[in-house]
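These are the structures, in structure tokens.
Here come two complexes built around chain A, the first alongside chain B, the second alongside chain C.
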Partner chain A sequence: MSSRRPPRGEYIETDTGNKVARKATLVGTQNIMLGGKTVIQPEVMIRGDLIRTIQASSQSASGAAPNSTAVSIGRYCFLSRGCCLRPPGRLYKGAFTYMPLRIGDHVFVGAGSVVQAATVGSHVHIGAKVAVGEFAIIKDYVRILDGTVVPPNMVIPSFSIVAGQPARLIGEVPEGGHEAFELRDIYKTVGNNPQPAPS
Partner chain B sequence: MAAPTPYTYIQCPCSDVSTLSHPSDPNSPTGTEADEDDRTFDPRAPRSNYSLYPLEYLLYCEDCHQIRCPRCVAEEIVTYYCPNCLFEVPSSNLKSEGNRCTRSCFQCPVCIGPLAVTSVETKPDPRLLAPDNIAAPHSGPYALTCSYCHWSSTEVGIQFEKPNSIHAQLAKLRNGGTTRLTAKERKERRRDPAHRSATTEGEESGEQEDLDLETQFANLKAFYQNQLADPNSADSGLAALGDLGFSSPTSLSRIMSIYTGGSLQDKKAKSRVGAMREALEPDEGLQVANLDESAAIEQLQSEGHDGTACTAQRVDQPPHLGEEHLHGRGRFTSELRPIPYLLRTKRSKRCPICRHIISKPEAKVQTTRFRIRLVAGSYIPSIAIRPLSLSNGGGSASGAAAVPGALLDPLRPTHYLLTFKNPIFETIKVTLGAPSKTPGRFASKVTVLCPDFEIDANTDVWDEALKEGGGGGGGGGERDRERERRRRKREEGSQSNNNHNQLEVGKIWERGRNWVSIVVEVVPASLRVEAGDGPLREDEDVLEIPMFVRVEWEGEAGGDEVGSVPTRDRDTREKRELAYWCVLGLGRIRQS
Partner chain C sequence: MSSKRHSILPPAPAGSKPPIHFSSSITIADSALLTGTHPIAIHSESVVHPRARLDSLAGRITVGRRCVVHERASLGAVVGTSGRITEAAVTLGDYVIVEVGAAIEAGETVIGEGTVVGVGARVGAGAVVGKHCTLTPHTEIAAGEVVPDFTVVYSNGMRRTDKRGAAELRNKGLARQIDVLRRMIPSNPAKFA
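Let's turn to the complex of A and B:
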């Protein structure tokens, strides 16, 4: 992003290709699932400690995900400097509990944004200084412009471009715009051995 | 709109009147060649606003071999769905239920945020009833509340008995909570003699019957239908025409329409229909307007401007549901009702000339796949613009605009790298044409150092095939390795090239597998306004270069797919060509 070359060893690179900045704050790492090839920049905060305290009976029967997962992130995601991923919480049968935050593949989260969605699909671009409210559902191929406030519980269907406070549909992702969500190239530009962006 | 700079916009041929008038010979672009050469394109012309698009927005017709834009394609709706619950709405429902979601999906009338059903008894808390929370302790009554601005439907006196089928419940409620009669109930009431006698008694006692909007409309409609159907529409002034057989308004209008075909009819028919009598009593739909607006004035005084609804809020309102009467409707935010979500659509797109489908999404709401998706980016080269800083040597050339987004210094030569990337599986020949001075009051000098070059084919068939089919899913390590290998190769190549790069006319700057970089030199104009000239207009400081791009290649003869199956059969090849204008936005010039 910036032209500044990071000093050597700024990132921890895992076996699955994740690049996690040493200056990122990951709380409750055992509850954070990374799919691989994901970049986590400095000053990012992920609240893996906010785990679900009440188990839904239906959920445990289906066995979809391990119940202790608070935040799951797919492949080729890019979490920009200073953004925050936080599981949403609510009252459930009279008691307060957090629910898991699930993020798909190729999801970009801009600098300084806060995401408290229930799910974020794949190929989603969240701009800088965006607030995604609790239990929002963001489907695939969605672009959220800088400074948007997505209200709690809002559903954003695929191919939406939203902006404003509160978020409002301002356009549709054109047919030729699907490839622009790919984050393979930007993945290579970050890390301990960053490569220049392809021309 | 503040466009991200630098940018490339491409002009769709539909803006060119000459191409539209000769749609039948798209395969012989040579016919219009002469005109194209003479004509220069002014990106600042008011009309240009409507014809320039970023590459992503453009489609491509394989039959016409031409670019198509959102403005000229013909759209067809594949699926209607609610953007909130994501349920598909069959088009048959659309006719009966309208184009809004009839589940419990509502938007806040004040801020358009989503509304959630909450129990009124416990303090309204949007967290309480998130979508899958079925087991939460429920107790009526319920209200719709906004999680963004905390508006609640209780503010307009609307509460619900059940937490489900909100749409049906809301349809029966007026603002303030009074019930709205359904069509069926109204019919029954009209037939019910007890009710009728009750109203006539009321009239006798001097009171005007209070008709609600729907009843009034139904009464009026019935009244006028009677008038039209009745051949001797009563005490009208048509008696004089009786001999001519014009006594019936319907036969009259029929005869008039035969002779006038419509235009005259209105005027004449009106005068005749005017001869019918008007509604005189509530049973016929007469409702005396309540002209006493003192309550509204009082409210305006107490709540002020903030209490009034803005135009956008009023436009979003479903018509004629909240109020009893037409007059005195929805002026205040305190009268706004929840807005049922407007349905969204998935649409396929057809070429306007040959009618072939060039984009077609799969019908299911939840899938993002396309059956057909012919995007221009797979057929015409992309153009990326990057400021070029010449750090070593170069002498006069400076790195003035090396930082993207920086202002351009007037009268100072600046260089830009244009990188053309070839998406098709054939080698293409690119010819560029740009006016030496940009159009407009402040003419910047433009020199394309290498306006003529070839770009190698996009040979990596595997990679593209995977990209098309995979839709971003798995991918796999092999693909990554392959990419990595290619990237390294390219890097080695460019490293060795870098030392030899020189600003030389007729030489390309750099070349890769399927791309070529060339240099454009610009001398930005000075924005000094002469005495007597008008002041600087909006965006007049933006340096935009109009550029004509001609792409030539050899394709499969007869075959429609320009770049899909790379069979190497030289005998069946034919020359293809595509030419279009585009505009390169380089940035803003510094105002001296």
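Let's turn to the complex of A and C:
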């Protein structure tokens, strides 16, 4: 059995505490920002190559260096196996451009989900097999149940629970329920020397 | 479980390259996966994203003009061994978008012009999807089903007819998108020749 164990660790652990699986597919890595302590499991795909082609008018006027970040992810995010993050794209002033995908802290993305949102807030739980449409805006403390299809341009307010195809508001996160969104414990359970989850 | 050897490689023999007929103006990412034995034809200005999978083991695959095949989409996936189909082609019309993780099974499957196959949708073997249809995410089209033109399939199989008449506009937008993608995705058609 020992021969089947990979000789190197399954994950690459960076100085800032990110754990990136060697089998994850990150395209355009120079345009992907990880905040630290983020877990990227195997078979995750992040499209960092789809950068914006039109700069905001205020930026181009000031002559600042173009900001080419395509996907930015905060701290303690957890990207489960097989999920896919890609920036949304649309026609803007007559030309097609991709827009950056911003993800806050403590965001959990379930297995096999596809996220093409414009913004995902902090403490958001996205279940497995969820499709988040282009330019959706998900605020803080939102729970998206498994198999949900979030339509393009939908705005999900804070503390809501959504489900269905298309997604509908089915409830609210109860008082004191926001502690369940913390991902510090799950962060420790993966990596090259994982620790058992505290019971 | 008597076998001691575990192969890490996929069961299909690696190194068998399908015959290809590419237009010179297509964009195909280096990490796209083309396998099988039947010909794969991609017509002008179409875009194939990284990790898209085109499998011509069951039959030929034809991708029309100005199509976009997104990452992890799978064209010509073979459905087990139950339904033995002798000729099992997959044909995409022009201006077809196959979104992330969608699967189009082999078996004389036809996707009409201007149709969008949504994220994670699945089109069964032998299904014929009409022109300008929209299959929303996670839609399942059963094998052999015929979907008429301008149908929107949504919300677990509900259907309605698209009366917006926005097909022309959509095609123009798609052309712009392809222009941008062509600059962003490093194309390497020579790898598959």
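In the analysis below, the second predicted complex is superposed on the first by the 182 of 199 C-alpha atoms of A that agree within 3 Å, B and C clash if a C-alpha of one lies under 4 Å from a C-alpha of the other, contacts with A are read in each partner's own complex, and residues count from 1 in each chain.
One rule holds for everything that comes next: contacts are C-beta pairs under 8 Å (C-beta built on N, C-alpha and C of every residue); 3 or more make two chains touch, one makes a residue touch a chain.
Fair warning: this is a prediction, and the values are worked out from it, not measured in the lab.
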Give one of first, second, both or neither to describe whether A:40 is in contact with chain B, with chain C, with both, or with none. neither
Touching partner for A:184 - first (chain B), second (chain C), both, neither: first
Given the touch rule stated above, what does A:93 touch, chain B (first), chain C (second), both, or neither? first
Touching A:85 in the superposition: chain B (first), chain C (second), both, neither? neither
Output check: A:147 vs chain B and chain C. Expected answer is one of first, second, both, neither. What do you get? second
Of the two partner chains, chain B (first) and chain C (second), which one does A:106 touch, if any: first, second, both, or neither? first
Give one of first, second, both or neither to describe whether A:124 is in contact with chain B, with chain C, with both, or with none. neither
With both structures placed on chain A, which of the two partners, chain B or chain C, ends up touching more residues of chain A? B
Looking at the overlay, does A:166 come into contact with chain B only (first), chain C only (second), both, or neither? both
Residue overlap on chain A between the chain B interface and the chain C interface 89, 91, 133, 149, 166
Can you list the residues on chain B that touch chain A in the complex? 55-59, 70, 81, 83-86, 111-114, 116, 125-128, 130-131, 133, 135-137, 146-149, 344, 349, 359, 365-366, 368, 370, 373, 375-377, 384, 386, 417, 419, 467, 472-473, 475, 480, 483, 487, 490-491, 512, 515, 517
Contact footprint of chain B on chain A as seen in their complex: 75, 89-94, 105-106, 118, 122-123, 133-135, 139-141, 149, 151-160, 166, 168-169, 174-177, 179-182, 184, 188, 195, 198-199
Give the list of chain C residues in touch with chain A in this complex. 6, 31, 50-51, 71-72, 100-101, 118-120, 136-138, 154-156, 173, 176-177, 179-180, 183-185
Touching chain C in the complex, chain A uses residues 4, 25, 27, 45, 47, 49-51, 53, 84, 86, 89, 91, 95-98, 112, 114, 116, 129, 131, 133, 147, 149, 164-166
